[in-house]
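In what follows, subunit A forms one complex with subunit B and a second complex with subunit C.
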Partner chain A sequence: MKNKYFEWINNNLLNTWYNTIITIFVSFFLFKITKSMILWFSSVSWEVIPRNLKLILTGSYPVGELWRIWVILGVAAFLAGVSYSLLKKGITGTALFLIIIPGSFAFLNFSSGSRIWLIILSILQIFGYLFARYIAGEKSKTVIIIGWVLFLPFMYLFISGFTSSEGILPIVKTNYWGGLLLSMLISITSIIFSFIIGLMLALGRRSELPVIKYFSIGVIETIRGVPLITLLFLGYLVLPLALPSSVTPGVLIRAMSGIILFHSAYMAESIRGGFQGLPKTQYEAAYAMNFNKFQSLVLIILPQVIKNIIPILVNSLTGMVKDTSLISIIGLLDLVGISTAIAANPKYLGDSPQVLLFLSVIYFILCFSISQTSRKIEAGMNYDNKEAAK
Partner chain B sequence: MHLTKFNDDRVIKIAGQFIFAAFLIMIMSSMYGNTIAALTKRGMLPGFKFLSLAAGIDIGEHLISFNNSSSNLRAIVVGLLNTLSISILAIVFSTALGLFIGLCRLSKNWLVKNIALVYIEVIRNIPLLVLLLFWYRAVFMGLPHIKEAITIGKFQTSDGFTGARLFFSNRGMVLAWPTIGTGWSSYIYIIIGAIAISVIFGIYLNYRGKITGRKPMTLVWSFLLFSILCFIGWLLTPEAPLVMEYPQLKGFNTTGGLSISSEWGSLFSGLILYTSAFIAEAIRAGIQGVDKRQVEAARSLGLNSFQTTRLIVLPQALRITIPPLTSIYLGVAKNTSLGVAIGFPDLFSVVGTLINQTGRVLELILVVMVIYLTLSLSTSLIMNIYNRRIQLEEK
Partner chain C sequence: MKNDIIIECRNLQKWFGEFNVLKGIDITINRGEVVVIIGPSGSGKSTFIRTLNHLEEHQKGELVINGIEMSHNIKNINKIRSEIGMVFQSFNLFPHFTVLQNITLAPVWVKKVSKEKAHTRAMELLERVGIADQAEKYPGQLSGGQQQRVAIARSLAMKPEIMLFDEPTSALDPEMIKEVLDVMIELAHSNMTLLVVTHEIGFAKAVADRIVFFDYGKIIEMGTPDEIFNNPKEERTKLFLSQILDG
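Let's turn to the complex of A and B:
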């Protein structure tokens, strides 16, 4: 056993004389950096994070209504649990990780209410999985599709509320939404809408009709040529001018319109890549089966294209989450906006590094898990394609 | 019968396009009408005359002279030059860093390989804005005040002030920088001569290469020759062509040397960190994308490791790397617009200030979009030409 470790070190760290030197140097610097980081960690006060945790996660969403967000998370956990049943080899490492994470957070020093909710999130995922496996069975696919489609409107309705202040779901105005909640809401909504617009633009760009084709090309290339922030300002400042004076869109919608416009152009190009990746024989086969253009598009081409670009779509969600941070520039209190607000608070003078580090960790966990999921899906699809080719 | 059907199809197509165009024009004209109405209400009819009026703002960093009585147009040009200069510098440095990290990622040393992997994964999954704010708020703002600035190579000047090779404070960095000395006017002829000689040498090398059939390293040898000639010329010039100018601390200000503001520093460092991770990934993909059998074939033909890399791997890796690299470079120019978050006066930030000052939303956003579009389109044109040159010519 000892020999094996020794062999590994010999092969990977000390295989040539210059690698040995590099290893020694790098280890030395790594040690130095780690040491100074640990020193820094222990020297600064981390009070600012727990004190502002609620603000960072949900902004100024009323404390009495926080249960709504937990319910939304619970529904998402249940749907996620049901979705795990689609995995071919049963529960995989990733799914297990997602199940364990909320439960393990319950051991941290949160309020008792939050701890119970966190445990419930874990249990709901397991329950969803078992429900799909043993009760719904074959029908679980329908449950998944309908569930996720209804999830977005349900989420909005639940978070914004619709009754007066005496009712069960009093209205919470959008300017109370903030932090991670706002970032995620905008990301998820924007990706759905930009997919729809992107699909239309991609189809337009492939169209034989010159007017539609050049219109789509013009829109896509213009948007891809300018930074997101100009579009954000366009949505924020110019959109209210361009709409009839009777319509006054809220700040959230104005901000989102810029993000959606921006990402739909990039999405259109991804989708176009998906169209180009499809073998020509598929079109010819559809034509030979006497399908007309519309039928072959909807029944033959699109399902395959969408399936092929699912990994790209999931991956573009990371870009969306990252780009959402820009809304703080136009004054919305998303994760970054909240951090700026905390930095401006004289009580937390000089605590900016800790807050920004915490933000980075949140963003990293979000984006890294999304991109890993996309890789997993891609690997699974390559496996499927190889199986089909056999 | 076939003919009539064809005709029908065409009629539908034309009618469809016509309806689409009419619909589009309707929406556009209604939006335009609304905008004009809203602007008229504010008493501001769109027009570009305001560009020649005085801007009345101060811009901290300007490459061309600028004060608060300069025109709005000049302010935009100042912003554009800031954007261009920082983009070009960031592209050069992040390409170098990205190349280094990309090669580390392919290293056989486990430690080096995994440090590069962690670097790439961490940086790619954090928004650029957070990185910038981190540099600005945590690094630069955390530095001491100018009075207690971190100094390297401190000395006392004859008139009693503190001079140093480098001052590092929360206002940024001031470092010693060469300035033109008395020998410059004669040295410039040596540089011109050196350029001419190395260009002729390069042409000769290419000519030799065509005869012998061996690809010469024209750029490397010409550049080497150029450097040697310049170095000899430096020694031969009686007075030094360039003199080091050391910054001095006078009261709360520094004079002399090259001054880099903390805004510039944050934007530059943030951009380099962020972009290099993406470039590293593109370079790794490019090199790994070269078929292993190509290397094996080259080695079995008797090429050594250096020749294999130069003649077989790099040209093919470049083909794979150029298209993603193009979009990364375009991204850098666009990402400089995030300077607005930390107060660096790039194009967008200047325009943002002008929007606040003049209220000319529509015109100013249009100007910014047109400038960025021109930049993007011209860059991608150049990169496409280069790309076409290095792509495989398939017969």
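Let's turn to the complex of A and C:
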């Protein structure tokens, strides 16, 4: 009576007397921990999550204007759908997962309005894919590039609004932005800008002009030597003192600049590492073919550098997403800030573990998606063993 | 057209820090000439041909290519580079582009040729080097010999007047050397000016108009293949030849 599971246990867990003892101890503790976890899970009230879901997701963004966020998600869903057309094998696992997820959320206990929007998100992704496949065809790539480039300004414009309170898009001040919405906004903005500034600093550090070179080194070393939290406080407390109040930007922008500056310095060093990892012969080949410096950089050097530093980039990006939580310290109500506020509510006394656990799940999903996407991109760029697309 | 000068070097000198790599090179090369440069490693022969398209900068002496003086003026450098193609020991193809894109990239971006024209020309060149069927593959999927032939096609796509070969077969497995040499022999017969740094004595004997022997950063001896291989005058040439021919 030897089945293979029994055999595996016998060979790996019970093969020697000391392994047997370790196995018994570990099983005992695992049992204890799991049991108490399950007991805790079933004993506490989870009411706090659905009751505050709106706060956790969007902070105190006016309920009447929430449709704007759905529209933005809709545009993102459509662009995502168009982007799936770049996948060579059609819609694969990850894309299918992304399509199904919002629609399946509609079966949860949401308000009927949210349910309709969630289903629309799924449909828009499919629609985007079909649009790229059958209508846009070759032009999909242009749609994708222009779409995603315009997405960030569009998102800001739509969320903040620009008309008076009677208009169609009344202004919503940044102190009403909060929760996941704020965290995402800051993450996306920081990622984009710190990559651009980091790239410029990295190029600056490699420059032959001493002024640019030493300026870049100075910036990188100074910022790297300062903790992020100090930069945030500098922006929060010192900037308003240093600048006249008429030109002082809002708290959000000050906080974001701190995060962007800080991560630019790290990004610059990651990118510089990528430059140094590239064989000198690639530059020589480019110059011998008479490409000018800009063409060599954009066409030949950068694509290879980025491919080589994807693992490091993912490290920085996930770090950046999580670092945004520090802005709660200067009073902004991002995911962490809002959950602290919820925990402080006497109605939910003692419920903060549940909120924190929920938060961890959200952060995990965000960071895990980044690392999964990057693996897809990395595999797609692996031109050494790739069959070329016809 | 024979005997009109395309490359003229007078007292060309170069240092790497304290180290004097080129100690005064004097040579004139005519249009359509095939010059093979031989010499022990570290003798400065690779550095010499790399100064010709300004991958290395010379510090003293004069260098005139096709009537243009090589100076530190970027315009002149670009003009000269547009007339010189270069093939490297390690191929140096762009790994993130397909074979076809590797060849069309420079014509399209540097010479502003239309994509269609560049494409047609690239396919002709691939046909010429015998690997048209590999056009859609990435360099990493090709053998060394095939990659080097792509590199040759890539240089030819810019329609250069001069081709420089920097030990083009040194990184290849023995069975692939011939396919690359065949392409080079065909080029040598097509009236193009060729400067080849190589250890392939057979190739040198077959197609070279002139052999140049380099050592210690100087030209020790030059002459026709017959003069150099059968009646070398200098002791150092004799020693070097005896070493490579026996080994």
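Keep in mind that, in the parts below, the second predicted complex is superposed on the first by the 325 of 390 C-alpha atoms of A that agree within 3 Å, B and C clash if a C-alpha of one lies under 4 Å from a C-alpha of the other, contacts with A are read in each partner's own complex, and residues count from 1 in each chain.
Everything below uses one rule, namely that a contact is a pair of C-beta atoms (placed from the backbone, for glycine too) under 8 Å apart; a residue touches a chain by one contact, two chains touch by 3 or more.
Computed from a predicted model, the values in this text were never measured in an experiment.
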{"item": "Touched partner set for A:M381, first subunit B, second subunit C, both or neither", "value": "second"}
{"item": "Partner chain(s) touched by A:L299 [first = subunit B, second = subunit C, both, neither]", "value": "second"}
{"item": "Which superposed partner A:K307 touches (first subunit B, second subunit C, both, neither)", "value": "second"}
{"item": "First (subunit B), second (subunit C), both or neither touched by A:A288", "value": "second"}
{"item": "Per-residue contact with subunit A, leading partner among subunit C and subunit B", "value": "B"}
{"item": "For the subunit C and subunit A complex, residues of the former touching the latter", "value": "53, 55, 78, 81-82, 84-86, 88, 90, 92-96, 98, 105-106, 109-110, 136-138, 140-141, 154-155, 158"}
{"item": "For the subunit B and subunit A complex, residues of the former touching the latter", "value": "13, 16-17, 20-21, 24, 30-32, 34-35, 37-39, 108-112, 115, 121-122, 124-130, 133-134, 137-138, 141-142, 334-335, 337-338, 340-341, 348, 352, 355, 361-362, 365, 368-369, 372-373, 375-377"}
{"item": "Touch list for subunit A against partner subunit B, complex", "value": "12-13, 15, 19, 22-23, 26-27, 30, 208-212, 215, 221-222, 224-230, 233-234, 237-238, 240-245, 318, 321-323, 325-326, 328-329, 336, 339-340, 343, 350, 352-353, 356-357, 359-360, 363-364, 366-368, 371"}
{"item": "Footprint of subunit C on subunit A - complex, ascending", "value": "279, 281-282, 284-285, 287-292, 295, 299-300, 303-304, 307, 381, 383-386, 388, 390"}
